[in-house]
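Naming follows writing order (A, B, C, D, E and F), and every chain is counted from residue 1.
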Amino acid sequence: MPDHIVTAFTDELEHLSANLLRMGGLAESMIMDASRAVATFDLELAREVIKRDRAIDELEVEAEKAIIRLIALRHPMAGDLRAVLGAMKLAGDIERIGDLCKNIAKRCLELNGDENRAAVKGIERMSRAVSHQLQMALDCYLRQDIEAAKTVLDMDDDIDDHYTSLFRETLTYMMEDPRQIGSNTHLIFMAKNLERIGDHATNIAKAVYYMVTGEATTGAKVESRLADDEGEQR
Amino acid sequence: MPDHIVTAFTDELEHLSANLLRMGGLAESMIMDASRAVATFDLELAREVIKRDRAIDELEVEAEKAIIRLIALRHPMAGDLRAVLGAMKLAGDIERIGDLCKNIAKRCLELNGDENRAAVKGIERMSRAVSHQLQMALDCYLRQDIEAAKTVLDMDDDIDDHYTSLFRETLTYMMEDPRQIGSNTHLIFMAKNLERIGDHATNIAKAVYYMVTGEATTGAKVESRLADDEGEQR
Amino acid sequence: MDGNMEHFTQTKSSARADAASAPIKVDCQNIDVYYGDKQAIEDISLEIEDRSVTAFIGPSGCGKSTFLRCINRMNDTIESAKVTGKIFMDGANINDPSIDPVLLRSRVGMVFQKPNPFPKSIYDNIAYGPRIHGLASGKAEMDEVVENSLRKAGLWEEVKDRLPAPGTGLSGGQQQRLCIARAIAVSPEVILMDEPCSALDPIATAKIEELIDELRERYCIVIVTHSMQQAARVSQKTAFFHLGKLIEYGDTERIFTNPEHGRTQDYITGRFG
Amino acid sequence: MDGNMEHFTQTKSSARADAASAPIKVDCQNIDVYYGDKQAIEDISLEIEDRSVTAFIGPSGCGKSTFLRCINRMNDTIESAKVTGKIFMDGANINDPSIDPVLLRSRVGMVFQKPNPFPKSIYDNIAYGPRIHGLASGKAEMDEVVENSLRKAGLWEEVKDRLPAPGTGLSGGQQQRLCIARAIAVSPEVILMDEPCSALDPIATAKIEELIDELRERYCIVIVTHSMQQAARVSQKTAFFHLGKLIEYGDTERIFTNPEHGRTQDYITGRFG
Amino acid sequence: MSSPTEGPANTGSFVTEEALRRLKKRHGAEARFKLYGQLAIGIAIVALVTLLISIFGQASSAFSRHVLSYDLNIEASYVDPDGTRDPDEIARNVSGFNLMLQDQLADEFLPEDADRNVQRELYGMFTRLAVLPIARATADSPETIGSEQIFNVALADDIDLFLKGGVSARKSIEIGEVAAGEGAIESGVTLTLASQDATEKLGATLTELTRTDVDNAPAVALIKAGNTWYRLEGSEDRNLSLTYLAGPRMLPSNGAATEALVLAQSQENRTVTDRQIAWTEILRAQGRIKSKINTTLFTNSDSTYPELAGTAAAIVGSLLTMLVTALLAIPVGIFAAVYLEEFAPKNKLTSLIEVNINNLAAVPSIVFGLLGAAVFINFMGLPRSVPLVGGLVLGLLVLPTVIIASRAALTAVPPSIRTAALGVGASKTQSVFHHVLPLAAPGIMTGAIIGMARALGETAPLLLIGMVAFVAEVPDGPMDESTVLPVLIYKWSTGAERAWEPQTAAAIIVLLVFLVLMNLIAIILRRRFERRW
Amino acid sequence: MLETFGHLPVAWLLFAVLAAAAFMAFYVGRTQAVGIARGYTSQLNSQPNYHGYFVAMATIAPAAIILFLYLLFGESLVRAQIAGELPERIRALGELELGQYIDRISEHATRRDALATGNALFDATSDRYTDLVGLSRIGAILLAVLAAAGGFFFGRSRLSGDFRARARVEDGIKFLLFLCAAIAVLTTIGIVASLLFEALRFFSRVNVFSFLFGTEWNAQTGADFGAIPLFFGTFLIAFLAMLVAAPIGLFSAIYLSEYASPRVRSIVKPILELLAGIPTVVYGFFALQFVAPIVRASATWINGLPFIPDGFLAAQPTSALAAGLVMGIMIIPFVSSLSDDVINAVPQTLRDGAYAMGATKSETVKQVVMPAALPGVIAALLLAVSRAIGETMIVVMAAGQRAQITPDPTADLTTITVQIVALLTGDTEFDSAKTLSAFALGFVLFIVTLIFNLIALRVVKKYREKYE
């Protein structure tokens, strides 16, 4: 697409999208760091991740302001409008991802370090998958690539499967060793959080799809599928 | 505020807000019904609640369309713009509330009916509080009342306390009776969901606050507090 | 033609159906317009729905006004203009030489860029059309026509106490509404508006837009505007013109959120040039 | 309000060059303007920042143009107009009788609603100002002034091959940019624009807006516009006028998202009337 | 139709029979209305064409003039009785030349004993001043005295008019050969024609022309038999009784060809006598009468004799007057317009000035004449009949016109140009003199020229300041007595002799040519520089 | 020496000297300004040229004023001096004769080739006169040169970097422009004053009422001054003229502005304008030579018809009808072009509005354009009437001289303007009632046309404002 006659408009849009990508990058690193903190029981790292959420939040505030500013002052239309509204969704989702990572890190502080290794491994594996999904989603935002966005949507099924098996597994450990119930519950919540991060990554992909095609993100079919992801059972 | 010269604009805004209130009403009833289904172990009611989420989703799709339409065709400014953007947040939050209720209902189907009554009672109590909070939030949206909105923000602390105690309680039950770990985990998740619903109600109040005052919802202080609500510990 | 008109009145009387089921009111087929040697409109075909507002947008000189003026044959009054193609209104080709443009124009009202009330009283401004077409057979009936037209144009309350005052004494926005009332007075079926708000300030503009929205319930309205925002606000259908060609035509909402054609997108988002 | 502004400008500064550090260029104090017996401007005080765009908006007849014309004393050319109050530009009160309005106008350029190039060549259009002010002492120097001005106005590439062609032969948008170049040629410090795009189509408008955005880096620009959207797009500060009074003045972003005053809100959201 | 106010539902009513009938009527009215317009324009154009045709028709005869080319024996006794050969003396001796011409003509055409009336008739074929060119030519080259020179002598205006077909309706017919002629030249001749037909033809022509005459006076026939001219006194069968008029004093020989010139009017009712006609015909038959382009119209000044009167003095007078007018009206008018349009404060006083100027433009021109008479002549004591006063009066007369035209041209310059100039820091005066005035210049010049054209055609005020005086000399300067073209036209048109009519028409054409030229310049200016905003 | 000056064509000489002085002053001023600015001319308040203009202005203006005053009063001074020097017996002659005597001296003295008359006193006075004129001229010129020099140095002294030379120069220009505008006003004052003055003199001899309401007019004999027949003739002819001009002019204008194609318009309009460009004297000739005989013949023919009483129509060689018809033709373009302007000023949007309502062209014209243009059209007609009333040459040549009141248009009638011309042509003395009556008539004419014009112009102005 050619540039706007008013270059400031293009600049602002580009600045917004760069901001979002920065946020996305931060979120990605938070996912990895949080899971590493869990796996290595690195409380320092966990605390650092918690702190890092502040940065994402600030970026989101900035992005939201920029978006309101764009809508109020530039009156974006057509593709531009979709880009701005999509960015709004994106910012919200990434911010939530940040929150969820922070939550994982916080729960990490509650662990005692001798949790079931298999479950911890599961968390780590899952976080890798989720992080990959987010990376893909951000990539398809950068490239405005709807084919990639569709793949991201598909990836979500795997993550849900991960979560379901992790949930079952952890439940089993809990039954085996009731003393571990407390920390295992935290593990379940971590898994749940990762699963939610996956959902948000999916949302990002949906937003990209909307931006590019103009077709509603909230299209009935896709929506219902994603809403169901809420629960771990189907 | 006087009406717009172009009455169709006022009409559309009012229609949007009516829609949101309808959504809110639906969500409110879903909270109550879901908790009742849990308390009375009424699987029929649970199934009905699950079905009802569809209606909220549809309303949200409609609201989102109306919002895009408003932004694209009417170019809302100042208060109108805030109302529209706020409505966008509201719609998302209420839709999430619906999802969470559906999740509670779904988990209800997983229960076996002989869970710890105290915990179930706890869920019921908590859902009453949450429902009340949501009602208040919607009310302050209807009346655009920032004082009420502030009260809603305060109410969230109670709910968090509720959740924390419920979590501890259920954990104790789980340790006492490992066979109940599965269903108790569901109860914990239900409580977590209710707590999340409370967060969304808080979000609604924040949105109202933004709509009316124009001060950023994402104002650093409020934001950090709400982000912390994410975790059950403080 | 008699039969046609009857048909028309029937479809009209079938109340205000929803916009979606609105029948086609004007069907333009392969319209070309030449000014001398210069081709101003190139092969435009377009169906305009009844009881809705259709907006023509496009950069200046794109031919949108020229095309609008085809619909009531105002181009006939320009010496050098030549129009080819067919425009069916209720099945009759209005470009047919047998159609008297004088009669046609009583069925297709027009409102211009600059408010142009006749230098007569407000009353006479409205009564002029019905008078030349013999639409009212007495003073009482004429009073009724005048009142109704002014009411429909949302001007009655503002002017009812000074009907004998000159129309040129009104404010710009009121003048434009007076012109709309004047157009309404001859009970047209189609109302053409050629940038009706470009000479008005935002408030008067908003009032006219409100009026247009109300009139949509009874008339087929076509509006040319160089303000995309206005097109977005008032119209149900939007046609985008460029260099005398029709680039894209469709639901306003779609055009402004998800246009199909790259040129449209570029124009709407301010990327032209 | 001051605190707010500071807060705002700071958050903005992360995105763009800081407009906050811009000093005050024009300081208007208690300006009243009378046309005969009619008071057109009532006690307006306003500080205009250097190197930024300040937009004046308001319904027609609100006095925004009148106020603009105080800044280069164009109201002096209207017989019945009487201006009181002080306007300091770099510390000197320009309303002082010892100030020659003619010299003032060479420091405060003005661009008008309708593009008004002189019916001379493009070159002479630009060269006229420097010539009467003795700003260029030879042909070569003048050529340079002309080229620089045209470049700054983004017109050089389009017209460099036809400098001797008449300025009136350009398109509307080009003419307006020519007028801006002409204003720039006398090296003004402030540029006043009185609805510079109201006679132009959206594309030409966008180009002018782009130009204004570029010029902001060197000049203090004040623009009157009846298009709120335009004010939103181009300005950093916005002043809302109503019935000759300044209702609200502040950062554009704030005015358009969160105006303090009810009247501003009503006007901006289209609730006036 | 139920109620017309129900909205579009009743639009079908437009195509009722009633509506169609109305439409037909409306289109009928349309056609009639258009016809009125065409008629109006038609009438206006016909009026113009009639006017031009009638004037050009009249004038056409004034542009040529008949002269007698006469070989004159310049006799010293007449022209230079003192024998000084002083050119001035010779030139001044008009009566000598005149006498010489008369005597030599008498020698050729009259018998010794011709009575004074006949002599006067002969001399009446020339005006006294007709010899002026001969006198001047002789004065220029005195050596020609005593020799025979061929001169073109202007014929009297009546003779000229006769030769151009004027004076009286007439018809020339052949009436066969002479069968017999008897009687005496002095007492009357009886002529017998060869053919009866010819006699009848003559009779028929006589009655025909008698009928055409307004006064119903009997027609007159002049008979030419051989080279001798007679007047027909009566006829009986083929016998015509004739009176000798002119030509060889001999009876016609048998078989000589005869012609009859039948004139509708008898000589009592016309300005040319029978005998003069006869002489004219004889001279013409000899080829000594020539038609020449009438240069005197341009070279001569006014004269009491139409054939010698010219427009030279009036043209120069007009030019001098216009010069004064232009010097007054154009700069003052433009400056005044600039002041009023650009500088004058808008107050009661200036609006009064404005009203005053507009009124002044519509004040009847004769009032300016009164002003001139009262102020310039009576009060200031300036001489009458001089271009200076005329120019001043006309200058004041066209001043409002120039001001109004200039103001219109100035107003036509869009205000945006002024604000543009002010906007780049030009002063008011600079904006006016650098931008507005140059742009308005074509319009101003057009207005000025049109104003001058009006002044050129103006008559009435000049009558009142005495420019109607008889001026025989080309004026030297603005303080010389002079007249102007339109006044000359007025004066000539009141002349008693009919010959003044074509002369007047010719002068009109001269005036019109000047006006057309000026308007042409104005049109070219307008065409070339006109700018539409 | 004095004598030489007394005869010199000083005007040209002075003009040249002043021009040279101005040029020099300009150059000096400009150079000085450049010097002040040291090359940075943009530092100056005004451009160097304006400093030049200022000095030039300062130099010429006082000199010009002195010379102008000299032109106005110089001769009076000389004459007063001469009058003072004349011997007692001549001074005792009385003002009028003394004045005439000095007139003769002055005339004699200013004639370069004047010969001595032989009258010693006269010749001496004449010489003295010449000397005095020369002296006064030298004085005036010296004064002017001094003033110019003073102005020059004053002007130079004012120059500085801050000096607003441009403003001063522009004030000067504005004053000059104002003077020019004042001339137009002075003209009106002159008209009113002179007419009023002479008319009052007339009314001091003839009763106002007998002038305004008397029905007998015999001014040439100086007997009767009842102007009613003149008023009647004037208005009858104007009425006849309007009868021709109004419909034709109006319909032409309508046709041209509304119906005619640009081509037809471009041909017909100049033709109509041609009618306006023809001098009135030509129309007079046309009326006299062409129309009057036709009118007379027609009248004779009508008189000859059965049922028409003998001598029903006067059938005079000059007649009101002939003058009226031709005047009507003359006024056609006046009406049509004024109406055309007015009709064209009606905005096209109004027509579009009517067409868009389904009006036909003639309906648009009759019901929208003409009502909108009506004030303007009425004003045009009023102006035309005023023109017809004031028209002179046509009536002078074709209307006749007989002051009578008759409704018969073929009779010869006289008008105000005819009588003015008749009374004032040829040598006139400004003392007789006969001459003065012309001014009284002129005054009436002026007032009547003024009223028409005022009304018309007012209407036109209102009309213009409406569409601006």
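By our rule, a contact is a pair of C-beta atoms (placed from the backbone, for glycine too) under 8 Å apart; a residue touches a chain by one contact, two chains touch by 3 or more.
Owing to the predicted nature of the structure, the values given are computational and were not obtained by experimental measurement.
Any chain bridging subunit E and subunit F, meaning touching each of them, is among C, D; the list is complete. Seen from the Cα centre of subunit B, the chain whose own Cα centre is farthest off is E.
Centres computed as Cα averages put subunit B at a distance of 93 Å from subunit F. In terms of their C-alpha centroids, the spacing between subunit C and subunit E amounts to 64 Å. The geometric centre of subunit C is 55 Å away from that of subunit F, both derived from CA atoms. The centroid of the Cα atoms in subunit D and the matching centroid in subunit F are 50 Å apart. Shared interface positions of subunit D, defined as residues touching 2 or more other chains, are 102-103, 132-133, 203, 206-207, 228-229, 256-257, 270, 272-273. Counting partners per residue, subunit A has 4-6, 9, 65, 68, 72, 75, 77-78, 81 as the residues that reach two or more other chains.
Each of the following residues of subunit E touches two or more other chains: 26, 427-428. Which chains touch which is summed up as A-B, A-C, A-D, B-C, B-D, C-D, C-E, C-F, D-E, D-F, E-F. Here subunit F touches subunit E in the complex through residues 166-167, 169-170, 173-174, 176-181, 183-185, 187-188, 190-191, 194-195, 197-198, 247-252, 254-256, 258-259, 268, 270-272, 274-275, 277-286, 288-290, 329, 332-333, 336, 360-363, 365-366, 383, 386-387, 389-393, 396-397, 417, 420-421, 424-428, 430, 438-439, 442, 445-446, 449-450, 452-454, 456-457, going by the rule given at the top.
Per the touch definition, subunit D reaches subunit E in the complex via residues 72, 74, 77, 79-80, 102-107, 109-112, 114, 116-119, 128-129, 132-133, 179, 182-183, 185-186.
On the subunit A side of its complex with subunit D, the touching residues are 4-9, 12, 15, 62, 65-66, 68-69, 72-75. Interface residues of subunit E, counted against subunit C in their complex, comprise 3-15, 18-19, 22-23, 26. The residues of subunit C lying in touch with subunit D in their complex are 59-60, 201-203, 206-207, 226-229, 267, 270, 272-273.
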